[in-house]
Each structure stands twice: as C-alpha cells, then as structure tokens.
C-alpha cells in the first residue's frame, strides 16, 4: 500500500467521520445516534491505524485499538445500558429545525477550513488536509450539544467532540504521546461512569432526562 | 476495426428504447422475489406498451392541444437525452449537444409539459400532481446542481463524456467528493424518477401519488408513450449514475471489441443496480410530502459536503 | 447628412419629439392618434435599435457635444458598444410593444382620453434612450428624471383607483431616493475629478480619467449601487415594483419590467466597469449577494401571487437578481484579473438582460391580452382560456417556457452561461470564495426551478382547466396588432435561444472593452451550432441540435403512431371514477402554491384564515367555508415601515412649527437671518 493510496483512504475516512457528525446532528432517534457514534469511532480507529502505518509510529496502533474498544464497544454499550435502565420512553426526540441546523453545520465546516488554512500551509504531513475536518467535527459536536434537549444525546455530542479532538491530534501531529492518550482514554471512561451516576440522580429528581427541566433549579423571582 | 460514431449512436438509442422496458421488468421481478411474490415475466412491460399502442385513445372532453402534444414531447425529449448520455460508448456525435446542466434542463422540459397536461383537464388530482411535482423538482434542483458541481470539480468539466473519461482512470471512487456526490445522486434520482420514499410508482391511491396523478386521464397510445418515457427516464438515471461513478467497461474508443464488451458490463451493472433499487424500495416506506423537504435537504447536504471535501481533502 | 448610427438616432429622437409636440393637436381624433402615435414610436424605436445594432457590429464609438443644456454645461452624448447594446434592448422591445399598443390602447377608447398615454409613452422611450446615450452626469440625471416622471404619469393613467395612486406615489418616492443616491455618487466622482470648485468634472470622460482613492471609490460605488438597485427593484428595495408594474397599462408594464429596469443594470455596469474601472473583490461579492437574495426571494414571492401581473412583476425581481449575479461574478473575476472569466460572466449577464427584455415584454403583453379579453387580473377567476385565445395562449406559453429557462428558448442560454461562470469559480485563488460561491450556484438553481413552478402555475391556472370565476360571457381573441407584437417578441425569444453563438459574437466588443478579454473565439470554436464558452471538453450546448432533435423525434413518433387510422373518442372526465366533478374542484392558484408556501413560509408573513358558516354549526357539517390568504412582505415591516413612521413623526414635529400666527412666522425669519449673518 503506497503512501498516496493510504492518504486517499484516510481522506475518505475523514469524509465519513464528517458525514457521521452531520448524520448525528440530523438524526431523531436516540439509539440511531448511538449507532452513528459507534460508526464514527470505528472510522476514527481505522484512520488512526492508517496514520500509524504512514508515519511508522507504532504507538498509534495501540491508540487505534484503544479507540476501537472504548468508543466502538464499551461506551456505546454503557450508554445503551443507560438508555435501557432509565427506561427512556420517548425514543424520538424533538429536534429544532433540521435544515437550519444543517446550514449552520455547513457554515461551520467552511469556517473551520478557513481557520486551519494557515496551519495547512505550514504543515508537511500527508494528513494535514484532514485537520479542517477534525476541527469541524469538534464544532459539530458542540452544535449537537446546543441543539439537543436530552442529557443522553448531549453526552454523545460531548463524546463526538472528543472524537474530533483525537482526530485533530492524529492528523496534525501524528498523534499525542501514548501516555497522554492513555490518560485521556481513562478520563473519558471515568466521565462516562460519572455521567451515568448523574443521569440516575437527574432522573430521580426530575423524573426525566430533559435538560430543559433544569430551568426549574433557577430561583424564582 | 473502427465503427463509425453515428452507428454507435443509432445502436445506443435502440438499446435505450428496448432495454428500458426490460430493465423496468427486471426491477419488478427482483421486487416480487424479495417480497415473496410470484414475479411477472421480464417482458411484461413490453407487452403492456404494445397493448396500449394498439388501443384507441379516449380523450377528456375538454382536453386541449397541450394534453395531446405532451406525450410526444416527453417521449422525444427522453429519447434525445438517451442520445446524449454515454450508455455504451463515450464517443457520441450527440454528446456535445448538452452537458449535464443542459441535460437536467431537458428533463425539466418534459416535467414542465407533464405538469401543464395535469392541469389541462381541470381535475383536482391533476392539479395536485402538478403542484407536488413542481415543488419536489424545485427542491431537487439545487441538490442536483451541487452534485454536478462536486463531480465536475474532479473532471474539470460538465461534459458527460469528459466526466466519464476522467473517472474511468484511477481510483476515483475513493475520492470523498465523488463518494458524497454518489450518495446525493442516489437520493436525487429516487426523487426525480418517482421511486419509493418520494413517490410510489405502483400505486393509484389518490392521496399518495404524484406522477400518476398528472397522467391519470391518459389512455391508448398517449399513455403508452408516457409510460415508455417513464421507464426510459428510470433507465437513463441509473445509467447516468453508472457512467458517472462506475464507468469501468464503457467503450472509450470506437473499436469493435470495446463496443461489444460494453453491453455485457452494462447488463451486469444494471442487474446489480436494480437489486440496490429494490433494497431501497422495500426497506423504506413512502414519506409524507413534507418530509421530502428533509430527504432532498440531505441530498443537498451530501452534495455540498462533496464539494467542500474536494477543496478540503483533495 | 451622411448615413450613420448617429444620424439614424437623431431621426429617431426627432420623430419622438414631433409626436410629443403634435399629439395634443390630435386630441379630438383619439382613434387616429393611437394609430399614428404608436406607429411613430414603433418606427423611432426600430431606428434606435438599428443604430445600436450598427454601432455594436461596427465597433465604432461616436461622441458628440450638444449645444443644449445650461450655459457652460453642454450635454455630452456618446454612442459606444455598451450603449449600442442597450439601445438594441430598449429599441427592439419598444418596437414590439408599440405595435402591440396600436391594438391594446384601443381598449381604452370611450373610457378615457388617451392623449396623455401617448405623450408620456413617447417621452418614456425617449428618456430611456437618452439615459444610455448620455456621457455626462447632468444629462444622465435629466434623462433619468424624464424617464421616472413619465412613468409616474403612466402608472397613474387609471387614476380613479386608489391602489394606482398609492403605487404611483410609492414609485415616485423610491425613484427619487434612488436618484439622490446616484446624484451623490456622481458628485463624489466629479468632485474628485476636478476638485469641488469647478464643474468640468461632470463629464464621464473626466471621471474615467481620475483614479479615485479607495475609500471614496467605495463610497461612490455604494451610493450608485443603492440608487440603481432602487430603480431595478433589488430586494430589499423592491417594494414599489410589484405595486407599480401591475397597475400600469399592460403595454407600459411590458416596457417598465422589460427595459426600464435594464437602465439600472446599464448604470451599474457603466459606473463600475467603465467609469471606476478597478475595484476590490468585495464589491463583486456585495452585488452577488444581493443578486442571489433577489433571485430567490423574488421568485418565491412570484410563486405565492394570485394576481397574474403581480406574479410577472415579482419574477422581474428574480431576473434582475440573475443579471446581478452574473455582474457580481464578473466583478469578482475582474478584480482577480481573471479576464476571460470576467468576460464570460459579464456577457452572460448582459445576454440575460436582452433575453429578459424579450420574454418579460412578451409575458406582460400576454397578460395585457388576457385582461383585454376578460377584464380580469386575478388568476382565481381565470381558467380555460386556451380554448378562446389560441394565439395568445401559444405566445404566452412561449414566454413561460423561456422564462423558466428551458431549452431551446433564450432564457436557458443565458442562465446556462451563468452556471458555467459559477462552475469556473474554483479558478479563484481565495479559499473562502472558492467554498462560498458554489453555494450561490445552488441558490440560482433553486430560483430557476421555482421559476418553472411559478410559470406552470401562471399558465396552467390562467389558460388551462375550466373558468374558475363567474363566467362573463364570451371571450374573444385579441386584435391583430396585439398578436403581431407578441408574435415578434416570441420569435425573438426562439431566435436568441437557438442561435446563441451569433449573439455572443455580436456582443463580444462589449466584453473586450470592459474586461479586456473576448470569448467569442472560444465560444464558437467548435462551429456555429455548438456553444462552448471555454473549451468543448469543458462544457458544450447546442440549441439547434437540441431543438431539431426533439422536433424530429416528436414528428417521427407522431407519424409512426398515425399510420393506422385510430379514432379519438371524446368522453367525460374519468378522474378515478369520480362522477360529480365541478369546476370548483380544480386546483386554484392558492392551492397550487400551498406546498411551497408551507416549506418556505417562514420567509413571509403568511396569514391564513378559514371561516365556516354558519358559525354555530358542528365543524363536520358546515354550509360553506371561506378561506382567506394573505402573504405579506416581511421587508415592509422591517425596512419601510420604520422609515415611514419616522418621516410621519418628523412631519408632526415640523407641523408644530406651524402656529398660524403671523408674528411667529416673522420670528422664524428673523432668527434665520441672524443665524445666517453669524455663520456666513
């Protein structure tokens, strides 16, 4: 496999990661969003492995494996269990005006392309062009957190943001040192557990995971 | 041995005229199989057309010349489009007549007149069909243009032969822009040819139909021409997708071996495309008309992402 | 006097002048006045078109200083390729419309005197011709005002209706706000040309020679763009257009929509490309953005209309948008020194201006014929006219096909060229523009597809189906002059669509002069039948082959299917077996646009109301329903209403000064004198 072909496949994977980010933004069903998130993790892990191959840095294979287990298997499983345990009855979630969100998403992609232009000029890596996609994925994750009302989908948005950051690290600098990555992975795992505990508390307090309910915490004036 | 391009053109139009009903029959067969029903013969659409052609025309009392002219025009436009799209060879004398944008406009003429014919007889169904058809068309158009844009970026051309030539060299399907454009194209083609998530080609149930509502009052040879043109349109859209994204095997110069091999490849690809179409059609339910906005909106999104990823990633 | 474009033009102006002066003497013989008056304007317009054609084909520039005007400020005239092109646009349509008017204006006989219509019509044409000929700011503004004032009176022609008076007033206000902006823009350029003390800078020649500092140049451009946009009806300055165009007599609407708006396009091109000359890219982006806005919003409004002429007026907003899109692209390309691309985009825009003049003229004439025949403008009361108006219906259909930009007619060619210009935007080396401009192409595609929907509606509701409203007796086909006028416009729509390579070749000198590049060589490099704007591998379109191809297949199919004598049996409607079908069950104009209204309704203030009668009845068993729909313009509330409220407030404040006591007024004068003495 030549470097050229590897770079091309990596570009395609970047495109798929972007696509899953948009699909999560548009999807109404919670379980479908979870599946999309797992797919995004899969693309990310394959992409990491390919970057590892191109850069001949073997610790990236470990990161890739870590991504695979954590983001494709463990986290989706935990969230899946959460959704089932908490008996989230409303499978379908109200989403604010999908076309508008999509247009904002496109604008964000163009914006991140514009932002990363100077870095692209300086960098010499074959993967430098995917940096814009990585940044866009981060922004789309944030956009997802803004447009969603349900705590579970917000968490998925947060995790998608983390995917974007991870992708940015691999594409801009061929990955962070292994120690850092292990730490981040651990953080995410712990975060997921903490979220789970919080969800139980939110659910028992408000009898719902709709974050709009939190407005009730505000002091009445 | 070289074959004269005009001959190829003739062969291609003949292929279009006769392969289109067969393809429609094949799609129906696969669909029946997938749903556990007994399939009609592959030649059933051909027989239908023959039967309709031999029947007398019953015309509504108040139908004007537009109603009678439309079937001929729709048929003529579709045949001309078939002379432009590279089906078995890229070297066609008519290919320069229209690039992709003009090709889309050619189909738009057919749609324009069909919509007028729907309104001509003054029934509620006809008007409903016309109104919905024009609405869906206006939503499909921007997505279509974006898809064309994304593909033309790679080939630096909107001329179909040129696009096919460029794509047939190299691993272009690995290019993200083309992958996105293909996704967008599939959604648009489903809408343009009136297939399941958008319109149901098999139904005559009033509330769900779009295309059928406009041509409800046609009979005899008029109906035959309309149905035939509809099958050709489906065939052409599938071939357009095949030529633009999977052109391998198409004849690029005029030699005999290539020309003879091309139909074999085409039959294989068409067979697979029909399976794909059937999977989509049985897997999805028909949408409410106002959900089509989101459906075509996502087509637009894919095409735009294709365009963006060309600049970002390539 | 030798025979040249200049002398032909003089003859044209003398004819118009003669008509204006002599018309009052023919007041008593109205029928004769119509025949003579509009024949004269027809001849004069044809002469002007011919002069323009000759100038452009010959590639020569004529300049002249007239001994008219104020002392020391003579009028300057200049006939160059750009002016020549616009003379053709104006002259050709004015010729068709004048012939049409011979028949159309007869409809007013016995209702009201038409002398003023003839006089102002001639003045209107003369004003437009002068605008494109003038070579100094002074003459330009004078002719601009002649044009504005004469159209004001033409809009006011049927002045007993309140909506006409309102529309005319609104038109006058917006036209003058625009004129002030143009005046200021010329003021900046003239002032910088020779300093603010002298007057020599008022000629365009002096302005051309000056290189403006970038800030002043931007100010001049913004003012000019604002002023010309107000005239062209660019969104958000469009509010007057759908009010004024429909209420004017239809021959006047045809000219107003068809060519008067083009004088504003002429103004933009003249100021930007010719007078200022070099500019940064953001000017082009500004024009592009407003063009896109007008194209999409304008056509969405058009789809929503129930009034046939209002629909046409809104679609003019859309077409102006398309022209501006091309001009904006040309400006962007030009600022990046991509000259051939700029030439392509500019020619696409000007070509569209010519095309729009033809088909919009045709459509307004057709709408005039419908009104002439039925006395009805509201589409909800029309329908089935194809049986009574065979000529008008075919000609109107040609207009509809052209404006929906369907091949092989003319609207498609210019829009196709615009798309090609869009597709070339990746040659820009600014990443952000590369990414954003294609989205504009998608908006253009949206607007052209919506145009097809709007004109399926316009034709389908007006001419097809059954009569929707109360039947008011027999409807007759219109008279011959009207048919001839429309037929000529329709033929030019077809010719401009089928023979684009010749048109491009003829227009090429404009591109060469304004952008420094030509495209004619590459555009017809593959033969006259194939239009290949850049290279034939890049994109090609052959209108003659497409036209002939469709025709041949249609004829062959028809002949093959008619070898056997097949009887056509006429039968009542089937309609899925529904029996008691009535005319009231047809789709109406409002119901046709319902899906689009729901999808794009958020852009408008849509107010729907369903009332059932009698009110107390159970909703399942009403006796009758009334449905009311109002689609309002949000811009009115955002932009115009605050201005109107503010001006009313100011006038109330000023009104307080009026005490009605003579002593108070004397105090005002006294204070004024003291203030003046202090400061001057």
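Each chain carries a letter (A, B and C) given by its place in the written order, and its residues are counted from 1.
Keep in mind that, in the parts below, a contact is a pair of C-beta atoms (placed from the backbone, for glycine too) under 8 Å apart; a residue touches a chain by one contact, two chains touch by 3 or more.
As the structure is a prediction and not an experimental result, all values here were calculated from the model.
Peer 1: Based on mean C-alpha positions, which chain is nearest the centroid of every protein C-alpha shown?
Peer 2: The chain sitting closest to the overall C-alpha centre is C.
Peer 1: Tally the contacting C-beta pairs at the A-B interface and at the A-C interface, and name the larger one.
Peer 2: Pair with the higher count of C-beta contacts: A-B.
Peer 1: Calculate how many whole Å lie between the centre of chain A and the centre of chain B, each centre taken as the average of the chain's C-alpha atoms.
Peer 2: Going by mean C-alpha positions, chain A sits 38 Å from chain B.
Peer 1: Taking each chain's centre as its mean C-alpha position, how far apart are chain A and chain C in Å?
Peer 2: 51
Peer 1: Among all residues of chain A, which ones touch two or more of the remaining chains?
Peer 2: Residues 106, 110, 113 of chain A touch two or more partner chains.
Peer 1: Quick check: what residues of chain B touch more than one other chain, meaning two or more?
Peer 2: 293, 304, 308, 311
Peer 1: Scan chain C for residues touching two or more other chains and write them down.
Peer 2: Correct list: 431, 435, 439.
Peer 1: Give every residue of chain B touching chain C within the complex, in rising order.
Peer 2: Residues 53, 56-62, 64-66, 72-73, 75-77, 79-80, 83, 94, 96-99, 101-102, 105-106, 108-109, 111-112, 115-116, 119-128, 130-132, 134-135, 137-146, 149, 152-153, 156-159, 162, 204, 206, 216-217, 220-221, 225, 289-290, 293, 300, 304, 307-308, 311.
Peer 1: Spell out the part of chain C that touches chain A in their complex, as residue ranges.
Peer 2: 431-432, 435-436, 439
Peer 1: In their complex, what parts of chain B are in touch with chain A?
Peer 2: Interface residues on chain B, with respect to chain A: 171, 174-176, 179-180, 293-294, 297-298, 301-302, 304-305, 308-309, 311-314.
Peer 1: Enumerate the contact residues on chain A facing chain B in the complex.
Peer 2: For chain A paired with chain B, touching residues are 5, 8-9, 11-12, 14-15, 18-19, 22, 26, 98-99, 102, 105-106, 109-110, 113, 129-130, 132-133.
Peer 1: Where on chain A does chain C make contact in their complex?
Peer 2: That would be residues 106, 110, 113-114, 117 of chain A.
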